[in-house]
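One structure is given below, represented as structure tokens, and several questions about it will come after.
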Amino acid sequence: MTSLKVYVSRKAHFSAAHRLYHPSLSEAENLALFDKCSNANGHGHNYTVEVTVAGNPDPISGYVIDLKKLKRIIDEHFIQFVDHKNLNTDVPFLQGIIPTAENIVAACWLQIQPHINEGSLYCIRLYETENNFVEYKGE
Amino acid sequence: MTSLKVYVSRKAHFSAAHRLYHPSLSEAENLALFDKCSNANGHGHNYTVEVTVAGNPDPISGYVIDLKKLKRIIDEHFIQFVDHKNLNTDVPFLQGIIPTAENIVAACWLQIQPHINEGSLYCIRLYETENNFVEYKGE
Amino acid sequence: MTSLKVYVSRKAHFSAAHRLYHPSLSEAENLALFDKCSNANGHGHNYTVEVTVAGNPDPISGYVIDLKKLKRIIDEHFIQFVDHKNLNTDVPFLQGIIPTAENIVAACWLQIQPHINEGSLYCIRLYETENNFVEYKGE
Amino acid sequence: MTSLKVYVSRKAHFSAAHRLYHPSLSEAENLALFDKCSNANGHGHNYTVEVTVAGNPDPISGYVIDLKKLKRIIDEHFIQFVDHKNLNTDVPFLQGIIPTAENIVAACWLQIQPHINEGSLYCIRLYETENNFVEYKGE
Amino acid sequence: MTSLKVYVSRKAHFSAAHRLYHPSLSEAENLALFDKCSNANGHGHNYTVEVTVAGNPDPISGYVIDLKKLKRIIDEHFIQFVDHKNLNTDVPFLQGIIPTAENIVAACWLQIQPHINEGSLYCIRLYETENNFVEYKGE
Amino acid sequence: MTSLKVYVSRKAHFSAAHRLYHPSLSEAENLALFDKCSNANGHGHNYTVEVTVAGNPDPISGYVIDLKKLKRIIDEHFIQFVDHKNLNTDVPFLQGIIPTAENIVAACWLQIQPHINEGSLYCIRLYETENNFVEYKGE
């Protein structure tokens, strides 16, 4: 098996508060658009992020990328900024961005992608709840 | 991030009875083909359906499609017809169709696709049990 | 550790159809009492049953009861009668019993309890859906 | 089976923000006590609550309590007050209470217990994350 | 709420190899007793351990025991000895003990119990697989 | 619906021991590369494998491939060789291969692919733990 493409994935978890609210809209317009997600004092979630890297397993290690190393990259460049934080106020790379799942997953890609040097970042999936999730593939 | 493609997904659940049985086959042939799934008085499942829509997040809302709205579409056009029903006898859009997971997921696509006006329907995954699931992408 | 009491549990799964309906009530009364669960052609579930036996681990084997043996007892005396069946019509030990989760778990106890000869049957938990479950302890 | 005791359980879900912080302590003392859970702008969780009622199944319905009715009680007297809310500021029955899981589950008991008229409230379990949960049995 | 008893639980995970084998029995007797679990070169599991402590929440912190502290106790006195280890050969407190789930959970109790100084250790549950688990309550 | 492409998936489970270790490297180099995964006496996991076959549902049966048949193929050609085994020493088709998840999933493809005669093998996903998984699509 000299050349084969394998997708390797690692999950990580964080707990954060957020509020969906656009500053150019009125309170009533925000409520109409975001309903209970616009609650003034916020709400929160246990988020799960799944990061997938694609590449050829190294002939010596058998790894596309050491998942312990991938875990460190996710922790250092994403989780530590968002875990036990308020996504509207506390996160440098989310300033001025409404923290919908769509916008968080795209911001997560920008944080992590530059640090993947073995294989290439293929997909990030973000669960906001058990029933709601989003994916971004850098397209 | 002016243009990016995000896949957003929503899960929904329903409980239904069904029986796998082809009317042009004899009882013995149905048993040979469908085994215990052809039990005359039926059996049932807790099904989970995952509907995925792909598109660009709206610059104001940050949503590809409001997942509360997607939930309403799934409920109105699919779940209310199948939840706590018998899939062989009670569902208008399954008349004459053997309710295998493959056929249910294709019928679900036809029910939901016309109502997705923000982004486009990308995939529907249907779990029949924890260990068995199918996907359809409109191909 | 000469004497210690350990509770050992084994899960099993079955898929069945059922309908909640009392023959002494009218259709309207059944609908008022059981709502969509009284649908005439039935509905169904993927059930999970968790059987717990309490006792002292054997000094040689370290087992309270071999869980492979417990699995066989559950399969032979319960699962084979209910899996891919209609609980209203097909199950000898449920004849004349409305197949609510409460009644199924009590019937399961009567089926399994006589066959537990190592340790003693302590509890049976039955999941009807991810969100609904019942327990019976022989009281 | 004229007299048997069955425990029936229903799960419900809510998403909320909170902050662990005692007003009589300094910022430094709060940080020492609650660590990252004391983050000034809060964080949040997807909580799951499991409410268990014990009693004898009704001879007609086969129910200890209709789980659809139990769901309504949980929703009306607990979920609607906490879902998509900030537990420090928005919830009347948590005023002046540090919203640890221990305190939330005890408050939930006080909200729900008076409304259980069939069977009796036996236990409430509250998951704060997949790995952390608490139980209260009215003791 | 001056006096109330709350049960708080924390999950932890470890991956280990083991083999079920009694040295006083022949190979054939071990195979008869433990079947495929006696495979000479071992097999393994992702184990999950749930540790439950019962007590009164502290009036200041609202904690029975800080779950971060409970996590440290579990890690220091149990997980670091068993994670990514062979339970037959590598674990001091399992020397001479057949590593059935029953025996592991009892050994875990002895490791952790002396370090619980807030509240009291109430129960340890150990999952060997999704379908097999055991509990010990110090009886 | 004369022509449609559906992806059907079946999960299976196995428990195995393994050790990550390259024979051409020193103990120190193996430790540096594989860390705790190189533990001399091994460790182990509950693995889950998800096999996905793509094809057109048969007009009579409504099946792409009977999932009971797919289960048999997975069991006969993969699970029986790896379940309750040591992946370094006991598995013919893993001889000389470091049993990383990447290498196991590729070997699983080679074992199963020749036996899929209805539809075509599309993807195999292998979970090593809840948080770590890999996928191979035959590329």
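Just so it is clear, A, B, C, D, E and F label the chains in written order, and each chain counts residues from 1 on its own.
The criterion applied here is as follows: a residue touches a chain if its C-beta (ideal position, glycine included) is under 8 Å from a C-beta of that chain, and two chains touch if they have at least 3 such contacts.
Since the structure is predicted, the reported quantities are computational estimates derived from the model, not experimental observations.
Visitor: Would you pick out the chains that touch chain D and also touch chain E?
Guide: A chain counts here if it touches both chain D and chain E, which gives C.
Visitor: Look at all chain centres (mean of CA atoms) and spot the one farthest from the centre of chain D.
Guide: If we average the C-alpha coordinates per chain, F ends up farthest from chain D.
Visitor: Would you mind telling me which chain pair, B-C or C-E, is linked by more contacting C-beta pairs?
Guide: B-C
Visitor: Report, in whole Å, the distance between the mean C-alpha point of chain A and the mean C-alpha point of chain E.
Guide: Using C-alpha averages as centres, the distance is 33 Å.
Visitor: Taking each chain's centre as its mean C-alpha position, how far apart are chain A and chain B in Å?
Guide: Each chain's C-alpha centroid was found; their separation is 28 Å.
Visitor: Can you list the residues of chain B that touch 2 or more other chains?
Guide: Answer for chain B, listing residues that touch two or more other chains: 130.
Visitor: Considering every pair of chains, which are in touch?
Guide: A-B, A-D, A-F, B-C, B-F, C-D, C-E, D-E, E-F
Visitor: Of all residues in chain A, which touch chain B in the complex?
Guide: Per the touch definition, chain A meets chain B at residues 20, 22, 24-25, 33-35, 97-103, 105-106, 130-137, 139.
Visitor: Which bits of chain E are touching chain D when the two form their complex?
Guide: 1, 4-12, 52, 57, 60-64, 67-68
Visitor: Quick check: in the complex, which residue numbers of chain F touch chain E?
Guide: Residues 13, 15-18, 36-37, 39, 41-46, 83-86, 88-90, 129-130 of chain F touch chain E in their complex.
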